[in-house]
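Here come two complexes built around chain A, the first alongside chain B, the second alongside chain C.
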Partner chain A sequence: MGVFFLRRLGTMLLTALVLTFIVFFLTNLQPNLEKVAKFEGNARMTDAEVASWLEKRGYTQPLLKRYGEWLGVSKGWTYTSDEGRVTGRCIRDNIPAEEAPQRCGLLQGDWGQSSVFKVSAGKVVSEKLALTGRLMLWVMLLMVPLALIVGILAGMREASVLDRTLSTFSIVTTATPEYVSGVIFIAVFTSSAVGLKWFKGTATQAMENPTFENFFLPVLTIALYGMGYIARMTRASMTEVMTAQYIRTARLKGVSFGNIVMKHALRNALIAPFTVIMLQFPWLLNGVVIVETLFNYKGFGWALVQAAGNNDIQLLLAISVVSVFVVLVTQLISDIGYVYLNPRIRIS
Partner chain B sequence: MEPLSWTGSIAFLNPLLMLALAALAISIVVWILGSILLPEAPINVNVDGTVSSGSGLFGLVQTILRYSFFACVALSVAYIVLGILMGTGAGIIGAISQQFLPVWLSLVILFAMSVAFKRRLGLYGKLFDSPIGMIGFGLVMFWVFTGVFGALDLIVTHDPLTQVSGMKNKVPGTPLPSPEEGEYAWYLLGGDNLARDVFSRMVKGAWIVVQIAPLATMFAFMVGITLGLPAGYYGGRLDTFLSFLANLILAFPVILLFYLLVTPEIVATGVPNYMAAVLFIFPILFIGVLLNSRYYTRPNFRTPLLIGVLGIAIWLYLSLISTGGYIVNTETYSIWGLPTYLDLFNIPGGILVVFVSVVFVNSPTVFRIVRGLALDIKTRDYVAAAQTRGEGPWYIMLWEILPNARGPLIVDFCLRIGYTTILLGTLGFFGLGLPPESPDWGSTINEGRRLLSIYLHPALPPALALLSLVLGLNLLADGLREESLKD
Partner chain C sequence: MENRTTTGASIHWAAEMHAQEYRDGKLSRREFLARATALGVAVPAAYSMIGLAAPARAATPVSQGGTLRIQMEVHGLREPRLYEWSEHGNITRGWLEYLIHYNNDGSFTPVLAESWETSDDAKTITIHLRQGVKWNNGDPFTADDVVHNFNLWCDGTVEGNSMATRMGPLVDPDTKKAIEGGIVAADEHTVVLNLPAPDITILAGIADYPAAVTHPSLNGGNPVDNPIGTGPYMPESYSVGEKAVIVRNPDHTWWNEGNGAYVDRVEFIDYGTDPATVMAAVEAEEVDMTYESIGEFIDILDGLGMVRSEAATAATIVTRPNQSAEVDGKKPYEDPRVRRALAMAVDNAIVLELGYAGRGKPAENHHVSPIHPEYAELPPLVVDPAGAMALMKEAGMENYEHELISLDDGFEKDTTDAVAAQLRDAGFKVNRKVLPGSTFWNDWDKYPFSSTTWNQRPLGVQVLTLAYKSGVPWNETGFNNEEFDKTLTDASAIADADKRRVLMKRLEEIMQEEGVIIQPYWRSIYNHSRPGLVNAEMHAQFEIKYQYIGFAE
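== the complex of A and B ==
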């Protein structure tokens, strides 16, 4: 187990490094840098001015060197202007150049400055993550029990009336992406054209004061799309378990149907859905971006759209670090949980 | 011109449909509750040893359900048939069903032919034994025909990009203020916030999906199969390396990847062209290895075949990746491609990058599925037999393992087209890649959602269209899975 864990951790680190490097490469391509220069400096700069702007800010160094600076393993750049003023990656207004640390990157806890929000990218990410965390918590609380119940009810009697109805329901939800179901929900429940007006069409207020009225629709929109898939997986694994020999034995022994489902079948049937739920996280991230844009909830996904739209390099890198971390950790948990739940699998 | 109502002069059918729908809904609820609460029908053992069960209350509910379902279907068909006959006399629904006439005809012909010859058509024919599969297939083919006929300008009533003054945000059925001679006099599903016809945009949007989604999925499958088979068959280092790459792409949040790849700046650097050049080479590799491994024992036949097939494939490949005589054409440097007089078709940079990123996102998942199947199948006896016969590894992979993995792959292919459709919609929804005026469903939903609290009609038709297409593909996959498991 220890060796397995270490190997997984090593692969994780390597994956994270490669992925952040890809993001770094794509955001630091020449046209993107020119866009940054024009965004932060002056929109009407000439090519020569752009070039000198980039040089003064250390963007002309080799890519790997700058990636190292961002990570915090190589020394930050410094630039001495004609008047002898020293500027550099780690030199801030309140710290003189001599006292500034040589390295300031991810390893030193410095996430860089977000150019859109004008604060530290780490601060933006942590604030937005808290908001999205709340959204995800409610999504999970709604989605997981609902999906498991639907899956188990459908799978306990295969081809029954209940099974067919619930299976159709879960197929419909998997076929409805968030931007379709969200639009339909907004149209039906919030618009003045239909006139139901049960909920609010935006979740902006939910950032400070989440209520059922302004928070339920975004949660439902994300939960429904993810739910169908988990429910179908649960149903498949439940039907498989229900045809197993030991269930037949229990039935012949005279155990009641409820007891068979609850005591004999459930634990074995839940192994597959557990991994699926964990692997659903990267997908949920997609849903979060769509729903936060649709409902104007200014969380992590909304920040991603803002950062990507304005080529905010530092923020994009911070966001990709966090999301890659979330994906990899959930993969690890799903592997470990699979081993823990299923005694038949032992890792050598 | 009068504004059209929804059903016009066939409004007498509405109460009947309401009644039938209500009966259907009630009987479904009773049916579900009944299956839990009502006792199972008693089983009687007859004198001759057979058993029969009484129908009971539950059977009655089932009968009602069946008849109310048939009533609903019959009424819907009546709407469509009357609509085709009466056109705008039967309101918006009539006018729309008349516009869709070529689609209805093709669907009827397709289904009649398929049902008539279903025993000779293999797995496709078996699809017509499963009601779910038939419904799914019908929905999918509806949109395929709509896309094709829409591209031929048979269904659309107006140009999807033309703005007609005075039609901004008008409700469905509004007549044009001053229609010209030969111009369709109504906006059937209303106008959007730029005064364009919602109905025509929806129909044109189908063509974009029908063009890109299956093709992109097919490319993703070629990439996934070409890499997944050796990874599963050989295992070892190759497998570790390829799986690492696949997991790398899978760990990337799709939207972040799209935002990084599908921007004008990235298109300007030529990165998508490089990716296209790499990704699109896999189908050529696939076809080449496929034919070579089969016919290499007969060089007289193999050599001309390979030269012919690969020649055409490489020509297509080069015309696909080169635009205006260049493969990569940026400000600082360029790589020469096929000269323009040999170039068969040009794909605009925006579409190419959408296509490439969709293929790129889908292929790792296909790779994992194929790898898993190959790992499972390579332990079978017929593979061992082929190895003993002295067949080469590629022959075994492509002609022994792949045909035996076709069932799950076909099912996944249908599901994946649906997923690709959703991805294309996502791209449109965020305004990435496709031109801003493009009538694709994602962009139209995105434009329509801004005014959603006042005007529903611009956003709902594309949303429902996308929903029904993806639902159709899911049902089709389910039907195929069911039927292929019956063997």
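== the complex of A and C ==
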């Protein structure tokens, strides 16, 4: 078990290192740097101004040197202006140049400054992750039980009327993308045009003060889309289990149908949906982009769009690290989960 | 009437002359006010010179307290002279005040400057500062602070400092810094600007949003981190892209105490660029006023019971070819015939109808508005698609495929689509490309053929200097014309708008002859506020002076 964890941790670190280097390389291509300069300096700067802006901020150093700065293994850049004022990567928060640390990168716990949000990238990521985490929590709480119930009900008697009805429902929800269902929900449930006005059409206030009224629609929009998929997987798995030899044996021995479903079929039928559910975490982390934009809920997905749109190097790197972490941790959990669902699987 | 000028000095000769012109019907009320107040005549006196009563301030009693929620994009902030959005200025307006303020009727009112005079030759500008003003850290506000700010504004070595362009002859072209002896503190409350050449646009320049007056201790920093200012408010929190909260400063006595600072708390909430989201926010009762209401949403917001306010402006959209842009090794728009052909094929009135639902006035492809004091009327533009095609053939460019770029946003997109449609009708090949805001603005001045929105500036020469003089940072057309530059420099030295108009006529003609831009229309701009909100009207330069906004009693 210990070796297994260590190996997983090693994979995680290596993946993060490779991925961040790729992101670093792509975000530091020359046109992207010009974009950074124009975004941070002034959108209407001339080429000469851009060049001098980049030079004064250490962007003209070799790529590997700057990647090293980000990691915290090489010294941060400094620049001395004509008037003798020293600026540098590690010189900020009114700390004089002499006292500022020489290195400030990931190893020193410093995620760098986000150019879009003007605060530490680590702070942005943790705040946004908390907001999206809250959205994800409610989505999971709504989506998973609903999907399992629908899937099991549909799968326990294949081809029954109940199965056909529920299957149609799950296919329809999965086939409707969020940007369609979200817009329909907003139009029907929030606008004066229809007149229902049950909910709020934006979730902006939900960032500080989530209520059923302003938070339910985004949750429902995501949950419905993901639900059909899990329900279909559960149904397939359930129908397969229900035709297994041991279920027939149980029936012949006179076990009641309810008991067969709850005690004998359910646990075996949950293995496949469990993987799918765990895979929903990474999907949710980035798949919420559309819903967050639609409902103006400023979480992780929205931050990712802002960072990518404005080539916010530090923030994109921080987001990559977090994404690698989330994907691998959830997969780790699902691997461990299998052991409990299926005793034949061993972690070695 | 005593104290007829803002300084108490006698009225400038040109102002008296303009009053006569107004009476003769040569000037509109707005033009007269803009010129008279720029010459130092107090607003009530200016109105009385032409026999009108000055409009009274809103008579509705305003209650103290409350939270004002404003829909507005919250961009990353930086030091004021680097501001590039009116939104930047609106955030800091509550603590970083301006010397003078531009009003919708074209006049200027004093803020931190109590009065100002322009000498007859327009080479000396004297600014008298308001006395008894204190910074919120307790320091007195003096002429030295203003000199410090002028020096900051004049510093062209700082990348992106657009104030340097507005400071005109005060900036030394060699050092790119303020000229020696140009900015002088005559006494504790008087600043004198000695210009080497006459310039009439400086006063208008210091009323613009990057000209917020900052404390010396700001030192290039972010005004949210170091909120020392003269105004009654201070920032509480600032999250880019989300929200900015500004609260009344309890430890500071504002110079205008009692005449404003009504609400306790101001929240600027960012709902992105999609007007549908803004509408949802209004319906959810999450905002009290909008920054700007656009297009079809103007009517929708009316329908939701919001109060509409309109400001006629010299704000505009320009669809321009870039004369120096290279496409596949060629400069397609170098030939004036090509540019003229493009302009000739477009009927500006139709673009206004299709692109902006007729909410404005057709423009004349020279970027000088009838509300600018020196506007000269030219013969109406001729729309001639057949002639345009002939001209294009003459230039040998009839088979060239034009790529017309615009922002993927409301009226910018619609307007550019309408221009493209008319170009296609004339037989040109046009390929449309829309870019999101985050990409579009990175190269806005480099695209070979694209649309750009321009905010208004009080004087016609200002706009031309900012955007069409050879080699200036915001010259997006690549226009480089010796006669134009020279005439413009001459015109900028004439304080009297009538004399200036003679040169302006030539400038306008050059703009049209050279086919520099297709300028379909002048926009009227709108915002909406909840009933009962006082002083929340739209400002022609998008300024939201929240220190004067409050809820009616």
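Keep in mind that, in the parts below, the second predicted complex is superposed on the first by the 332 of 348 C-alpha atoms of A that agree within 3 Å, B and C clash if a C-alpha of one lies under 4 Å from a C-alpha of the other, contacts with A are read in each partner's own complex, and residues count from 1 in each chain.
The working rule: a residue touches a chain if its C-beta (ideal position, glycine included) is under 8 Å from a C-beta of that chain, and two chains touch if they have at least 3 such contacts.
Small disclaimer: the values here were computed from a predicted structure and weren't measured.
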Touching A:35, do we find chain B (first), chain C (second), both, or neither? both
Between chain B (first) and chain C (second), which, if any, makes contact with A:187: first, second, both or neither? first
Going by the contact rule stated at the top, is it chain B or chain C that touches a larger number of residues on chain A? B
Classify the contacts of A:243 with the two partner chains as first (chain B alone), second (chain C alone), both, or neither. neither
Where does A:289 make contact in the superposed view: on chain B (first), on chain C (second), on both, or on neither? first
Chain B versus chain C as contact partner of A:19, first or second or both or neither: first
Check whether A:201 is in contact with chain B, with chain C, with both or with neither, and answer first, second, both or neither. both
According to the stated criteria, A:177 is in contact with first (chain B), second (chain C), both, or neither; which is it? first
Identify the partner contact of A:209: answer first if only chain B is touched, second if only chain C is, both if each is, neither if none is. neither
Once the two structures are superposed, pull the chain A residues common to the chain B and chain C interfaces. 35, 186, 190-192, 201, 293, 309
Within their complex, state which residues of chain C touch chain A. 76-77, 82, 84, 159-162, 222, 239-242, 269, 271-272, 277, 280-281, 283-284, 286, 303-304, 436, 438-439, 441-442, 444-445, 473-474
Can you check the complex and tell me which residues of chain A touch chain B? 11, 14-15, 18-19, 22-23, 26-27, 29-32, 35, 160-162, 165, 171-172, 174-177, 179-180, 183-184, 186-187, 190-194, 201, 282, 285-286, 289-290, 293-294, 301, 304-305, 308-309, 311, 316, 319-320, 323-324, 327-328, 331
In the complex of these two chains, what residues of chain A are touching chain C? 34-35, 38-46, 49-50, 52-53, 115-118, 186, 190-192, 197, 200-202, 204-205, 207, 214, 293, 296, 298, 302, 306, 309-310
Which chain B residues qualify as touching chain A in the complex? 28, 31-32, 34-36, 244, 247-248, 250-256, 259-261, 263, 265-266, 268-269, 271, 418, 422, 425-426, 429-430, 442, 445-446, 448-449, 452-456, 459-460, 463-464, 466-467, 470-471, 473-475, 478
